[in-house]
Amino acid sequence: MKKEHIRELLASVRAGDVDVEAALAALDENSVSAIDVAAVDTGRLARTGHPEVIFGQGKEAEDIVAILERLAAANQPGVVTRLSEEKASIICGAYPEAVWHRRARVLVVPSTATPSPPQCSEGDIVIICAGTSDLPVAEEAAVIAETFGYPVKRIRDVGVAGIHRVIKHQTTLRSARAIVVVAGMEGALASVVAGMVACPVIAVPTSVGYGASFGGLAALLGMLNSCATGVSVVNIDNGFGAAMVAMRMTGAQP
Amino acid sequence: MKKEHIRELLASVRAGDVDVEAALAALDENSVSAIDVAAVDTGRLARTGHPEVIFGQGKEAEDIVAILERLAAANQPGVVTRLSEEKASIICGAYPEAVWHRRARVLVVPSTATPSPPQCSEGDIVIICAGTSDLPVAEEAAVIAETFGYPVKRIRDVGVAGIHRVIKHQTTLRSARAIVVVAGMEGALASVVAGMVACPVIAVPTSVGYGASFGGLAALLGMLNSCATGVSVVNIDNGFGAAMVAMRMTGAQP
Amino acid sequence: MKKEHIRELLASVRAGDVDVEAALAALDENSVSAIDVAAVDTGRLARTGHPEVIFGQGKEAEDIVAILERLAAANQPGVVTRLSEEKASIICGAYPEAVWHRRARVLVVPSTATPSPPQCSEGDIVIICAGTSDLPVAEEAAVIAETFGYPVKRIRDVGVAGIHRVIKHQTTLRSARAIVVVAGMEGALASVVAGMVACPVIAVPTSVGYGASFGGLAALLGMLNSCATGVSVVNIDNGFGAAMVAMRMTGAQP
Amino acid sequence: MKKEHIRELLASVRAGDVDVEAALAALDENSVSAIDVAAVDTGRLARTGHPEVIFGQGKEAEDIVAILERLAAANQPGVVTRLSEEKASIICGAYPEAVWHRRARVLVVPSTATPSPPQCSEGDIVIICAGTSDLPVAEEAAVIAETFGYPVKRIRDVGVAGIHRVIKHQTTLRSARAIVVVAGMEGALASVVAGMVACPVIAVPTSVGYGASFGGLAALLGMLNSCATGVSVVNIDNGFGAAMVAMRMTGAQP
Amino acid sequence: MKKEHIRELLASVRAGDVDVEAALAALDENSVSAIDVAAVDTGRLARTGHPEVIFGQGKEAEDIVAILERLAAANQPGVVTRLSEEKASIICGAYPEAVWHRRARVLVVPSTATPSPPQCSEGDIVIICAGTSDLPVAEEAAVIAETFGYPVKRIRDVGVAGIHRVIKHQTTLRSARAIVVVAGMEGALASVVAGMVACPVIAVPTSVGYGASFGGLAALLGMLNSCATGVSVVNIDNGFGAAMVAMRMTGAQP
Amino acid sequence: MKKEHIRELLASVRAGDVDVEAALAALDENSVSAIDVAAVDTGRLARTGHPEVIFGQGKEAEDIVAILERLAAANQPGVVTRLSEEKASIICGAYPEAVWHRRARVLVVPSTATPSPPQCSEGDIVIICAGTSDLPVAEEAAVIAETFGYPVKRIRDVGVAGIHRVIKHQTTLRSARAIVVVAGMEGALASVVAGMVACPVIAVPTSVGYGASFGGLAALLGMLNSCATGVSVVNIDNGFGAAMVAMRMTGAQP
Amino acid sequence: MKKEHIRELLASVRAGDVDVEAALAALDENSVSAIDVAAVDTGRLARTGHPEVIFGQGKEAEDIVAILERLAAANQPGVVTRLSEEKASIICGAYPEAVWHRRARVLVVPSTATPSPPQCSEGDIVIICAGTSDLPVAEEAAVIAETFGYPVKRIRDVGVAGIHRVIKHQTTLRSARAIVVVAGMEGALASVVAGMVACPVIAVPTSVGYGASFGGLAALLGMLNSCATGVSVVNIDNGFGAAMVAMRMTGAQP
Amino acid sequence: MKKEHIRELLASVRAGDVDVEAALAALDENSVSAIDVAAVDTGRLARTGHPEVIFGQGKEAEDIVAILERLAAANQPGVVTRLSEEKASIICGAYPEAVWHRRARVLVVPSTATPSPPQCSEGDIVIICAGTSDLPVAEEAAVIAETFGYPVKRIRDVGVAGIHRVIKHQTTLRSARAIVVVAGMEGALASVVAGMVACPVIAVPTSVGYGASFGGLAALLGMLNSCATGVSVVNIDNGFGAAMVAMRMTGAQP
């Protein structure tokens, strides 16, 4: 756990906002909150700076509800990705305070604690996407970052077929500390951006494209083979993962 | 922008058909018309000779409507590919003048300006397909070309299993300036045609076939490995892309 | 056979430079010159405008010599691609007039007839490559085109990681009638160039790159999925094939 | 064992040319001749009509010699495929009567019995290849068939880029009972031939080609996806396997 | 066209059952019957012994009806493979005499001429499948063969996990002239059968299996790599193609 | 058949619980119970210790019912995997005693004989999964084992991102005789577990994950490449197969 | 550490054969012996029952020598797999007691302690291979097992093309407790064996085969898709890994 | 260019250490230094904070020497990756001050300017590898970082098969600001490390492993599918690329 977070926590204990048992649990890096179908890694927040996030795909709605209950009990926000509209409405029935981000397919049950304070400055994280069809993935990244207190600057639909659209945003890009580039088809935007800036670029290939994109494989390979330096890559359509990397890059240091 | 197009534009300005501001915008190669979800590359027409075309797949109908509005404002035709019937009917509701090409899955909102004058001669572009199952892709190519003023000659269902069917069209093929060959399965038609003519052949693999076509991979690899010279290849099922290449080959030169 | 070529041939016959039998053979689109190991397609020149070219890989040197003899007998130049240095020196022993292009791995035995007159104008064909490691493939393309009378403009080492290097050549690129883009790694150069010009772009993926280029697969898929229109693709490392397409695009029309 | 073969064998026994024990062994469909490194399937001749053939690749020369000794002891010819020149010369040292087919990379130790009588008529099996680079594979097929008494008609270098070369051989092709088509690159020859004839076509993809042939995968997939009926496919570069199928098709019936 | 078929045809002409024009058409190997969406290869029957068969997938029902009309006009049976139940019922509406083979997904419109006489003997063709889940593909093969007059012997559900089930059918297998082996998962049945018999084996991989069958790729590769000789392979799930090969093997010779 | 099973059977015969004919059938390792669509391998129980299990996918409900009838006639339990809810309800209509395990998608028709006695001790088999989304596969394994009399210890949701969750179960893992590890995504759990224990680990990759899991390929390759020894792998999502391996490892020895 | 091993160790301590410090180290499951290039996991023997084995490929000879020195210091045998002949001779120079198994490419430096006592009975582990070309992999498995005290029964060259060869060994196979099946090409032997026995089968695909074996992929997929139960799979050519699994299955239980 | 770098540069100008023209060039973000075979991107240092690095593979030694000359002229260090020993010795002949890192296959020609001052603190970057065979890749990363002034902490040979080896380094790992994880085989180390720390993890898959690693594909997919958050991935064996990302993460901020 980062020192500054421990300091905050101790201040809350002293102020009487957090009781001793809860603080103890929050400090336990190896805590687990087990139920029948899951072993929620409640210690993850202490170890990595961010709580466990639920991968919604392939889970039954009632299992997700049960896991959310465990996170809430640990005073941690409940975030579910890759959620179908149908399951989301079931969960929203159980958690009226839940927020459903339709385009991003992300559901958030805010922690009963106060909302996340800013973890980095405005403009530190830029999320840029190549086409309008890449928006759901870019939004997944943006929603995740914002949920955890990282403000995000969005740039949309600036594919390299009109390179002037990218160059137009040069100043914004150059003042970022981490850039998430979301692109399908050949995924060339990552290389072009990385060649213009000094900060790290996190590339997210998307499954958008005609047949030989093979579900995003074309963009994935393109990004892995970037001729520009400073590019690293996450899974296809994995806006969530990109956001997590960007957050680790720009959060307060250890 | 090609000289002849600039000349036409200036003539229109002089004739009072186009006002000065519109001409200025049309000449700006780097113009962008941005909305929330898109940055429409309105300068593309000036740079490449053809306006931006909307890839319909993965976009929401309301986003497409918004982009079409930007193109119309720039006096450019609105063309949408890979559109589902369902989204098409929503868009047709918003644009009653839109034309829906069902088999090609292409929707066209004509520019308020006059229709495209012929950009090449009858017979310059030939679109030939190997089987009836390849028709949707061949039609995508044909509709795109015709929309932009390139007349197209269609030859259908002449797969190499009956080679005499191809040879029958030898005269038509030999007088073309660019030939689009659309074929699934093993895609051999591209090689046979290219060995008979002197003009370039644009090969479009389709996803038609039994299991080991692997969604068009077999035809794609076959076409890339053509033993005949003069063949280049576009993405699987990408009739749109093939048309754009053929148009660049046969349009008035710079 | 293109009309202008027939006209030239008839003029030569009239002038007594070509005898009647030779002219007859040159006009026969279906002529074949068979030997034990090969059936040389001597009619290809009449049909497609360019003679058969020998794929050197996997052929024994003595077989290549025998095929070259058939081409020479038909007054056609002998061109061999993908030739190892070792076989090249054997062949040069048999044909002292042969020219060996080491970097391109192409060997040319000029036709005893006069050298090819220019088939297109200077600057009509541009060959541009992304990195110095792509040179052998780019040179294969350039040597092939020049051998058949198509002058070529070379632009080298302008990968998209330094996008200003590409933009610098905008004028040259825009005045071309066909552009061959040679690139390995992610192959993004094809998209960027195609977005800047109105002529067709022939993309050649190369096998240059770290592990996940998978022998050029990454660049191949990237180019097939180009978000820019006007791009078509040939086989990995196939500079020869790209040149043949460019020649068909820019040669005198039918 | 086919009736006619049993009849021949019994005649030899009666004539005193074959002793009773040898005949007994030849009739035993489940006989095995085991040594340390191998269990030679000497019963295969009785079961399938042809003896076991040794796959030379990955075997040590001394192991091959030992297996050949077992086949000789069973009065069966010894045939080794995929043999390197180096191992071949070692084996030829041990078996001076061995014949080494260099281009085919096949070594044959004739049976001490009389040479194989013709198993089918001249012209029943045609082996046709698309290019000179495919010759080693085509020769592997031809040598195997001829070794077992099946005369073969060879047609070479008739790729589909010059379709007239194929059509020229129509009569020969139509009078065949089985056709082996050997082709690399896109492998289209199989489809064209199968569309012209009534007999079965056995397609052999070869690993000849530029990068995206992926070691013969392109031709393999092309042949499996043939739009013509009557085509079945064997492994890449597997001339041996194609010959065995053709032999089963044309040999005397059960 | 095979001699015996020509003899039959001439006899019919003499008998007055077929008029001269129809006979002329039937003898024309290069006849084509073209409509808007198709160029039906009516000459295929004369060239290859069997008429064109319609690949139903990806074709619209009305297109199929139109093609069937052309085949009927040429006195040829209409056969459609890979047909959905929905399209089948539309076509059956147009052709009440059509027979719908549900499990095989094949629809047959019999020729108005008399039904096909037997083209081979009972037991010449054996179709054997490894599991009950492979039945639809095996039935596609069986229905196709029977439709064209080739009686078929079926053996079902004899996977190699219980090898005694295969051995039990040894006598039937050994008296066949061509065996079609249909198997998913690892496809090992083809090798085991081919090792027991002297006739050719046509292997059909199916897409049946757990995840790493990758849509039949596992069985396809397994069959292509068979350690037994005499195996050749058709496309995944392509029972139709296997039947056509078996028919070419066992039909009356040229 | 294992000796101890034969002893049990003979005791039952002596006690009059099993009649002579039934015992005879149970002892016949090569018995087959054939119906039209299947050849049920009723001898499998005698040969391998476990009866045939029905792969439900791709089979029609009525076929499954017919096969179950054959198993019941042989006094063997009927187990169906990969069954859709829809088919399950049809089958439950026919067999009211059938038990439907919804999450595992397994249906069991108990043998009319007494339930399976324990085949191994509690704790001998441990089934551990990495995430809640892997539960259906883990349950398939667990249900199969329990159905055949092998008690199973379940550990759930202990992915390596929280390595302490795995270590917590060290004692349970170390006292196992066989461990089934079920994991999607990168499948790393198999390596970590295998490095902590002395018993064999059976790894089951699942198809859970973002795009580049490619349907479980990532986990499959990861598990095959485990840097820990003692890991062997079954098919993607094949919980059934893993259970069968674990049962063979821990059942009473021969 | 297994109880019986601890008992042995304590007996040795009591007898004065092992001193206290050495015993302490041997009991430490988390011991590491670090040098500059490696962190030798000396605790692995205590945790998993077998010491760390060195993967020779990609390591420099001097690094291997240094690691061997660490293992020797811990009284553990040094075993190196995938070693080139060249590196082996360097290492043998440093360790004259080393044994080099050429065919298996395994080098063993025996522990200074007494040789491994038998860990299982003769016949418990059977290693069976399909062809002579698979011997190096089968030998890797055999040498590893024998080095650690597990006697091995070898069966060689019994591919399924001659199924009687497998059946011949039925008794040996049925009395095994674990069977390692080594096979290239289609890898069908694993299924056939698993259908005949009650013990677990560990399948090792090899890279032996014609082109479409794709370096062993065909056999790998075949084995993963086995229609027989009881099969699990290790990496291509990984005889070492298979031995380790077999050893875990047959060693004394915890 | 980062502000602090500009400040340093201006100070040097004022101090007379750098002349005005050189400073001008250093500040020009779009400068290019072109020679025949290359267009050296000398502006890259100003744009991205680091100079262009030469990818040695596929380049001729004389070309590399020429490029190095251009970098030296621009006062930038010359770094060449993926260099063979043979080319390295040629280059060292031309540049005696060059340093050759054999294991990393990296050659460095130091800038004539003073060596790079530290760009981050000791311990900020940790490079950890799973096995000794991964060392060349890990060293490529380490040498690159150190060359540019980023001190590196190395942890070696801590694969997850002995998880205690990783845990031992927990403190070092937790105090890092960026961790490069280098691993072949299944690549699981990335997930385990990322689950223990709060900083970003850059994963480098290596091509180390048995057959089904498919040249590093297994590790690549494993890392892309990491169940732990905070992991992003670079190309197979691309230690260079990982270092560049780590440097962008830990260098002084804009």
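Note that the chains are named A, B, C, D, E, F, G and H in the order they appear, and that numbering of residues resets to 1 at the start of each chain.
The rule we apply is simple: a residue touches a chain if its C-beta (ideal position, glycine included) is under 8 Å from a C-beta of that chain, and two chains touch if they have at least 3 such contacts.
Source: prediction; values computed, not measured.
Chemist: Would you pick out the chains that touch chain B and also touch chain E?
Modeler: D
Chemist: Could you label the chain G-chain H interface same or different, taking same to mean over half of its residue numbers are used by both chains?
Modeler: Because under half of the interface numbers appear in both copies, chain H and chain G meet with different residues.
Chemist: Hey, which chain ends up farthest from chain G, C-alpha centres compared?
Modeler: B
Chemist: If every chain is reduced to the average of its C-alpha atoms, which one ends up farthest from chain D?
Modeler: Computed centres place A farthest from chain D.
Chemist: What is the distance, in whole Å, between the centres of chain A and chain G, each centre taken as the mean of its C-alpha atoms?
Modeler: Averaging C-alpha atoms per chain gives centres 44 Å apart.
Chemist: In whole angstrom, how far does the Cα centroid of chain F sit from the Cα centroid of chain H?
Modeler: Taking the average C-alpha coordinate of chain F and of chain H, the gap between them is 49 Å.
Chemist: How many Å are there between the centre of chain C and the centre of chain F, using C-alpha atoms for each centre?
Modeler: 60
Chemist: Between chain A and chain B, what is the gap in Å from one C-alpha centre to the other?
Modeler: Each chain's C-alpha centroid was found; their separation is 38 Å.
Chemist: At which residue positions does chain D touch at least two other chains?
Modeler: Each of 44, 47, 131, 161-162, 194-196, 209-210, 212-214, 217, 220, 224-225, 229, 235, 241 in chain D touches at least two other chains.
Chemist: Run through the chains and report each pair that touches.
Modeler: Once each pair is checked, the touching ones are A-B, A-C, A-F, A-H, B-C, B-D, B-E, C-D, C-H, D-E, D-G, E-F, E-G, F-G, F-H, G-H.
Chemist: Under the stated contact criterion, what part of chain D meets chain B in this complex?
Modeler: Contact set of chain D toward chain B: 130-131, 159-163, 167, 184-188, 191-192, 194-196, 209-210, 212-214, 217-219, 221-229.
Chemist: Could you list, by residue number, the parts of chain A that touch chain H in their complex?
Modeler: Counting only chain A, the residues touching chain H are 2, 44, 47-50, 53, 174-177, 194-200, 202, 220, 224-225, 229-235, 240-242, 244-245, 248-249, 251, 253-254.
Chemist: Which positions of chain G touch chain D when the two form their complex?
Modeler: These residues of chain G touch chain D: 131-136, 156-158, 161-162, 164-165, 168, 208-214.
Chemist: What does chain C use to touch chain D in their complex?
Modeler: Per the touch definition, chain C meets chain D at residues 29-30, 32, 36-41, 43-44, 47, 52, 55, 57-59, 63, 67, 205, 207, 215-217, 220, 235-238, 241.
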